[in-house]
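Presented sequentially are two complexes of chain A, the first with chain B as partner and the second with chain C.
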Partner chain A sequence: MMDNPQDQQDDTPQKKEAVPGLEDVLPLNAAMFESDEILPVPFSVDISEPQYKHIRLLERMLAQENEGTPPPAQPPKAEYHPDSFQRFLRLAIGVILILTISINILYSNRSPSAVLAVPGEITQTRMILRGLSSESMVLVAFDYEPGFSAEMEPLAAAVFQDILTTQAVPVILSTSPLGTLQAARLMQKIQPPTARQPIYLGYLPGGAAGLMSLTNSLRNTFPLDVDGESPWLPDSANPKLQAINSIADFAAVIVLSADAENARNWLEQVQPALNKTPFIFALSAQAAPLIRPYLSGNQLQGMIGGVIGAHAYQEPKQPNAMLQMTWDGFAAGVWVAVAFIVCGSGISLVLLSDPARKKRRKQRQKRRLP
Partner chain B sequence: MMDMTEIMAAALGFLITCAIFSYILGDNPLLRLALHVLAGAAAGYTALVVFNTTIKAQIYEPYMHGSTEERLLLGVPIILGVLLLAKLVPPLSSRLIWAGNPTLAFLSGVGAAVAVGGAVTGTILPQVWASVNVLDPQAVMETARSSPWSLVEMVGNAVIILLGTLTTLIAFHFGARSGQTPQRPGWINTLAQIGQGFIAITLGVLFAGVLLAALPAMIERCQSALEFIYMLLGLVIR
Partner chain C sequence: MTRWITPISTAIATGVGIIVLVGYFVPAAWILDLRALFLRWAVILAGLTLLVGIFNLLAVHGRKVYSLNKESWSSLALIIALVGTAGVIAWQQTHSAAALWILNWILIPAESSLMAVLAVILIYAAARLLYRRKTVFSVIFLVTVVIVLSGSVPFWGTFIPFVHDRLLGWIISVPAMAGARGLLLGMALGIIATGIRLLTGNQHPYDG
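Right after this comes the complex of A and B.
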């Protein structure tokens, strides 16, 4: 018969092994497999209780193999689909943004809100544009695509309001084939009947090379305007253009652009030839941060960036109607976007600090490594 | 009262807006149809503008009405342009593909020369000079005389610009001497991490800019869709 396990404290090899004589077949500590059932052993062997439990475990495993019983059914684990979660997030964000903006549009009072501080470059732009006279010719480049017209039109309208008020003549060109169309569309919306008619030089092909050509020879680069007439002849519709021989002869050069690369081309090819002619940029919010260093380097005399810049530029007494239509929805949309970013960052931080997730992420990274 | 053309244009705009907004449900045939329509319309208009303002105004008209010298000079772009077609026309492209090479070489050479020249004189030199000027001792002294707060602001800006410029450049330093382990020294690694912080802030600013540029487009489309719905309701009520 088996001895009392409490009394088996010796360290003989038989006592350490799970199954006597079979080393490393089973783990030594079988206490985890609790069994209250102690069956009589047909022969007398001196074994400890853990060794006996190992024997029982082995017997059960063998019995199960012979029976071929299926493993117990586990409840199906909820599967995580990143694509469906992303789709849900996109839908939720889209719906919330659309609803917020639509409600703001419907209930907007469209009254101009106060501007806390007007940046120096905007004040400088105002001074330059309001200093123009009816004798001034201003070169304006409409270098934005139709996709940016919602942002750029209020900006361009704010600038043109001053140009048209001073009765200066805008001379319009574009390095984008669709730019002249954008200019004509804007003029149709904002031009008062008493204002001077702009001169449309048209499309300037060639990118940076085209701008270099414009700098070197303005008249040869644009032999004809969009109507197919020569604008440089004395009997043309605008005889004042006779005084313009180079790009430095304009009273100011204004570039309306949504692309930082395009704006940089103007700075690199045209700005060095301007001498004292003021050079002003009205840029999309996505291009403005990239061009700001040129303002600090005094290569630009004025700059307005995005809808926020246009809002700072306009006078509260003379609000820009196009801008007011956009402003309320814009302010609400920005708040919603900021709330999304802050909430998303917070949730990401919480998830990142979860140790179980950390472990899973490390395992995934290990699996990815060859 | 709106005429039928305006109503049709508003309806088309509303449908295309809905098709574009359907992207929030995922990629779908409606979205692709709207994108193709927009790309096609833009390409068609662009082709027309380029033909009128470039081929007609800069080549055809001067060739027809210009002097003999002008015509001879115009021969260069015409010949180069025709040679470029050899790369595009399939029956020719298999045998005469080399014929377009001089045109491409000319375009690449001129483009590179203009871009490099402009970058040096218009960006690199003025920006280096502007960065140096921030640390100009004479300007610092003059500012200190005008107001102490301006001096603090100026010095703070100068420190940030200097630190940002140096650490961002260091963040892209991956050099190692031969025989050494390919690892940056500890102090360079620390500065590189600060530089990465500056790069992250810059990317954040760019992301914010893209968001601020996209929002007005969404607002304008929402406004247009609401106006169309109002117009429809008005028509139904009448």
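Right after this comes the complex of A and C.
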């Protein structure tokens, strides 16, 4: 390179200056890069104590740059692992819940416990269902998934006990593919041999559009029942169905639903066509609060919400067997949950008030950040 | 091809939507009949989509079985379960003893177990809420949860007097009702906005 005559003769400002094009900004002095020693500064500089500390720190950092990479630090053997403790806590909650509920179900005396304050809508539902006769046809929609059976079945059993006692005929449909099976399962459990056989219309697809179609034309929406026969013919198993031409001809419409969205579809699409036919909802505890505003707006004539609603609905003198079996276990499970929440919150507050623990927790959180 | 399909599908969807909507306001017989026809078609189509979904599921898991990797076994189990259940229901009746056996011993235990795990996780999350997020709203939330739960069920056969008959009723009928009404209004406005967008052709989810 040095032999190149062009390089030797290159005397342009770009070669003389460190910042090309800007003269005298940063003079290019070759001697600065040839010596390892720091050149003496020809003037004195006053530096403060923090500045001096920063310079020392920078020097140490530069010195460490040339050293080898230290081996990764091994975690101390007795380090606290929050994840394993949390796993233990979840397991403990699960085991205690299972034990408490199981013991209460197995050793429950199944006698009626404390009497609940009965809300007005439940009294209204009782009056409507107990006012049915053997001539009545009641449309019942089973709209819950198998996961909700534990909650919904005692509720459905409480309602069906009254329907079957009055000898009214339930006409069953579902907007869930498994609804008809759920209904058959319930009937198998609670139906006395003398009770009237229900009519299974089957599955109604299409969500809100399906319900709208049901409202417009009941017979066209369900030309056949689940057995593949027409339930509307005079020689069918239930000739009383001949009197039913629209959804408003039923003595009552009851919807058993675990989902607020489905329940809302029923209210929006079916309720306006019902005229004076009572409309009753039996809902899971999660769906009931969202549907309650429709009750106060008089779009519903009755509502039962969750296992607690079913417990309030049943007569203390004639308790529902399915409900009694689970009620004590349910109550015990709720109290265990309350105890865990109260204790957990109390312990959390105590732990958060300890400054050393608070500091450690923040450090752990920082370490977890990417 | 897509260039031609999009305007046609938009026109069909908008036209059908407008006819169904007009049916609510104008009780003319021909509009009501047309609306009823469209709704019946919608019900049949919805039933068919369920079938299409099942065939798609079969195809996806069939490919996984064929590829012979780690997921092949679970895919094979799914296909056997699906075909087996469909066979049982087709051979017997929808509410036959065999179908009930599948519901009682497979579907309900499996889904109920998931709900039970959810209950444990919810209790755990509520117990640790203050540790993770110590705010005024967390405290209000936890106090409400404790009041609602403890007011709903008896303790050793007796309801807690003031909590059960006053506080619980007030929470259900005032703050919970207000929140539910707010949610319902919000949902209604959202549905109206989406409906208008669909009817005016600004949104077309049917393009695929």
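Operating definition for what follows: the second predicted complex is superposed on the first by the 266 of 370 C-alpha atoms of A that agree within 3 Å, B and C clash if a C-alpha of one lies under 4 Å from a C-alpha of the other, contacts with A are read in each partner's own complex, and residues count from 1 in each chain.
To be clear about the criterion, contacts are C-beta pairs under 8 Å (C-beta built on N, C-alpha and C of every residue); 3 or more make two chains touch, one makes a residue touch a chain.
Small disclaimer: the values here were computed from a predicted structure and weren't measured.
In the superposed model, A:Trp335 makes contact with chain C only, not with chain B. Of the two partner chains placed by the overlay, only chain B lies in contact with A:Ile105; chain C stays clear of it. Contacts of A:Thr123 after superposition: neither chain B nor chain C is touched.
Contacts of A:Ser348 after superposition: chain C is touched, whereas chain B is not reached. Judged by the touch definition given at the top, the superposed model places A:Gln271 against chain B, while chain C stays out of reach. Applying the stated contact rule after C-alpha superposition, one finds that A:Ala184 touches chain C and leaves chain B untouched. By the document's definition of touching, both partners, chain B and chain C, reach A:Pro146. By the touch criterion defined above, A:Asn216 lies against chain C but remains apart from chain B after alignment on the C-alpha atoms of chain A. In the overlay built on the shared chain, the residue A:Gln299 is in contact with chain B alone; chain C does not reach it.
Comparing the two interfaces of chain A, the one with chain B and the one with chain C have residues 90, 93-94, 97, 146-150, 177-178, 180-181, 202, 205, 207, 209, 212, 226, 264, 289-290, 293, 296, 308, 330, 334, 337 in common. Residue ranges of chain B in contact with chain A, taken from their complex: 21, 24-26, 42, 45-46, 49-50, 53-54, 56-58, 61-62, 110-111, 114-115, 118-119, 121-123, 126-127, 129-130, 205-206, 208-213, 215-223, 226. Those residues of chain A that touch chain B in the shared complex are 87, 90-91, 93-95, 97-98, 101-102, 105-106, 146-151, 154, 177-178, 180-181, 202-203, 205, 207-209, 212, 223-224, 226, 228, 258, 264-265, 267-269, 271-272, 284-290, 293-294, 296-299, 306-308, 325-326, 329-330, 333-334, 337.
Contact residues of chain A toward chain C in the complex are 86, 89-90, 93-94, 97, 113-114, 116-117, 145-150, 177-178, 180-185, 188, 200, 202, 204-207, 209-210, 212-213, 216-217, 220-221, 226-227, 264, 289-290, 292-293, 296, 308, 330-331, 334-335, 337-338, 340-345, 347-349, 351-352. Interface residues of chain C facing chain A in the complex, by the touch rule stated above, are 32, 35-36, 39-40, 42-43, 45-47, 50, 93-95, 99-100, 103-104, 107-108, 110-112, 114-115, 117, 119-121, 123-124, 126-131, 134, 142, 145-146, 149-150, 152-155, 157-159, 164-165, 169, 172, 176-177, 179-181, 183-184, 187.
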